[in-house]
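Right, one structure below, let's go through it.
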């Protein structure tokens, strides 16, 4: 993530990875305050065995896009809502990437979905993760049904 | 894709897949005009051997999100710009998914990036695709350098 | 409605229906977390005797549009404001439906108006509901006049 | 409709009504240039046997909302895109009605959907219209399937 | 004003008129809940000796524009911010009037400026009001200078 | 107006004044390129016998607001649409004035309405202008009715 | 700055200048309430030895642009977020200047960055300021690294 | 600039520099397609004698901000309008930089102003450039006056 102020949001991605038993590393890499660290981080991610990168940032959010420009790993971007413009600036700065360098963007502040998207991407390679994801979706379904039953009662 | 009017945009995703030698199927599945076909399509995608789904749609674009709700495959969404609101409606309808069901959203009308994102996702499993993607990025880099040289001359 | 978190908003629609003595059912049907339930719900609504459907959802709000794609009953959509973008995402996801599948969209968070719109639609068939609606409008008028009198005093 | 410049858009609503064999009247009633005519029109609509009103207007589009304030018939609003702001002004002026007076708003410039929404509303009372609407939806479905077949070939 | 909930905002316009010694009437006239009252009010305003009308409303704010359509008095519109969309809906609904029927729109929630604009309009006819306005502006200027002095100290 | 490129838009205001037989002066005064000229112009407008000022500008449109800060005459602002942002920047730069200095803002590019607003303001003082405005509104009404008749035929 | 209400935001610019040991003056100059003072201020800034001007304002923020129109010193604009529209009005009013008169605009409410931009501009002339800026950036880098270490532990 | 497609816009900055006799280099450096080249370029700019950097880019425009993160030279950002969203994405991606790393942002597509801002920044150090800038502003002023004379004739 780009700043420790993003931690409250981004830790939801980490929680998903823990729920699914996926090892991960989490750190702060600021595109703007530590550009070389970001470079190094993105450049060496693959050889360190990382398979998917989740990057969250706010405002003129350059971390996801810059990471995607350096690595060929899939990069998931989480637009973090700042104190003005309702997160629209973060969203557009992450999603509107030019031809050649995509970022897989999820909803504003929705780091949980970044985690789940990472699981579904890893599920292409690891069948057990896909099975766990199916189970997760089934649990979500049941929760809705239970709430519906309660409401209808 | 949601409509044949999206073909001009979405065929760029197909072109990428052809460039990278990735077999694909392309069809029209409208969330709104053929909801059952969409259901069937998304439900059977995995068993038909599909590993990543790219869905493009415009306006109140529900195809990517609905597909993602039915399958556990990674779903990439392409917001297609309609005749008003500059594509903002398509973008928000695709990217702002609720917790539990992510769509990997790319830039408005940027189906080429959807193709490349699919390649990078498949590259997690297929090392040769990742190598091809590295070569592609290197070619992009060289093109920029050549254009820069020409300009500086 | 799409989630139990929408209940605080959507119950205003139910209140209107109670005020007008219209029997109704209320439940949670998530387009994204329970797509099959939504399908089933929309598909069987007519035969269960339902005449108008009110669907509220937030963010990339697909429930109203998907319901409208499955049924031929009139579907009223309530954009529920989420925690960012001021409800603009919900509004555009609901109102910007493609040709062929309309959703009768009301104002952001205005479930009361969804209820009243349902009454006016039912009023086409049931004259007593139209009469009650006229009386309701007359009461609204009087309330304004009373408040105006108080202010002018 | 509010102006003859809206005719190109609004005639699509009339076409739908003709396709479904629903008698209709079409006229120009400007909320701003002929407020009394609008009043008269909306006030007498019910007694003239009208069951649903479709009102299209652009910019600070007051015709749908004002009509809804005067009648208890269901009023469908079509935001017509003007020469700036991409139709956002028309959309917000029509959809963001206060509690008590709903307008059933459809997508920007989407008068065809206004016609179809009118059919689905009338279908609550007239079963043959609902049957025709089902047939219409089935034809839409088939068209998509045919286009898909052609594309897949 | 369109609703008693607008009173907190709109009373600032009244305060200005009192400061300048201009007689005024203030009441609630809802375009949507009391359309006939609005008609009557606007239609008879001139003969009751009113020279400028200030109308404030929120959301799909039709009161200023409808008033302007009925009277030839200058109408000043105050967009009142509602509970979503940051007042953008109110602003566009008031300012984007079609050719032929202008509303003199001021900033969102800025009823004080509506009062001052009324004074400057009346100042065209009543020289003493213009003189008072000059004095007011001079006092504003002095206040800024005093605050600046304090800050610089 | 702020630039000769605004002439195509702003001349519509002049046409209205000619139609109503109101003497006027028209010139180019750029807040940004000729700030002193603007100052001089606004400062001396009253003594030169001017009673209402119409100022049109685009982008970061400061001319109307700055003029209003210097004079106590009523200032009407016309947001001129530039080559991007659909005129939203012009509109917000003109209408969102702080407390103390109002600008009577009309719709984007709607210089005709600026002219008509000037007439209605002058009509407070000059009864013949108000009569002419009534006649103008009556003609508008008739035109709509005629067009409606033609359409209904 | 344009108003004492902007002080809470703008004092961060002053803090930066103090951190870097750059002498500065701070005052309130309202484009709208004290236009002549603004003129005088901007006109005499150069001869008083000022080398860079930072101007912050909200809403229809004219202070930065008007200052830039009067002086040839570099002018940095800080859009101050008001009570509605999320600062978008301030941003567009400051950044969208016409050809010929630029304002160096920073992020909404980001007066700290205005101070740092002033340092980097002055650093073109004063090498010691550039060295201090390098040290500042290095400290920022270290802070991120430390936070990252703490998080990773 | 970030792409050769930006050349049509960005060459206006170069023209300004030529008009003022300022030596410059112009090249293509893509943050996303040549991240290392960008790094190298920004890192070595100071030692190559560059004093101000102008960076233009569109969409998720990261070039200006990333350059500013690497160098301590003042960086001027030009948001280039892409084929959707009217340049709003470019603007927000450039201007909304986090605390610590400012970009001096000018109006959308307004590379001429980027050139002029560079001149005014260099004018802090080089008095002859400030004199030339004063002369340039005087010429602008005269042009407006001449156009005004012609219009008034």
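Read from first to last, the chains carry the letters A, B, C, D, E, F, G and H; within each, the first residue is number 1.
Here is the rule we go by: a contact is a pair of C-beta atoms (placed from the backbone, for glycine too) under 8 Å apart; a residue touches a chain by one contact, two chains touch by 3 or more.
Only a predicted model underlies this, so the values are computations on that prediction, with no experimental measurement involved.
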Practice task
Just tell me the minimum hop count from chain B to chain G, counting one hop per pair of touching chains.
Solution key: 2
Exercise for the section: Look at interface B-D and say which pair in A-H, A-G or E-F is its repeat, using the rule that over half of the contact pairs are identical by residue number. Expected result: A-G
Handout entry: Degree value of the rotation bringing chain A onto chain G, based on Cα positions, nearest 5
Key = 90
Handout entry: Contact-richer chain pair [E-F vs D-F]
Key = E-F
Problem - Distance between chain centroids, defined by C-alpha means - chain B, chain H (Å) - result: 34
Handout entry: chain E and chain H, separation of their C-alpha mean positions in angstrom
Key = 42
Completion exercise
Whole-Å distance, C-alpha centre of chain C to that of chain H, is 50
Practice task
Could you list which residues of chain F touch at least two other chains?
Solution key: 3, 30, 33, 59-60, 85-86, 88, 95-98, 100-101, 103, 107-108, 137, 140
Problem - Touching pairs - complete list by chain label - result: A-B, A-C, A-G, A-H, B-C, B-D, B-H, C-D, C-E, D-E, D-F, E-F, E-G, F-G, F-H, G-H
Problem - Partner chain G, residues of chain F touching it in the complex - result: 2-3, 30-33, 35-36, 39, 58-60, 62, 65-66, 68-70, 82, 85, 88-89, 92-98, 100-101, 103
Problem - chain D to chain B touching residues, read off their complex - result: 81, 86-88, 107-109, 137, 140-141, 143-145, 147-148, 151-152
Handout entry: chain G contact footprint on chain H (complex, rising order)
Key = 51-52, 72-76, 91, 95-108, 110, 112-114, 116-117, 120-125, 130, 133-134, 137, 140
Completion exercise
In the complex, chain A touches chain G at residues 3-4, 7, 25-30, 33-34, 37, 59-60, 83-86
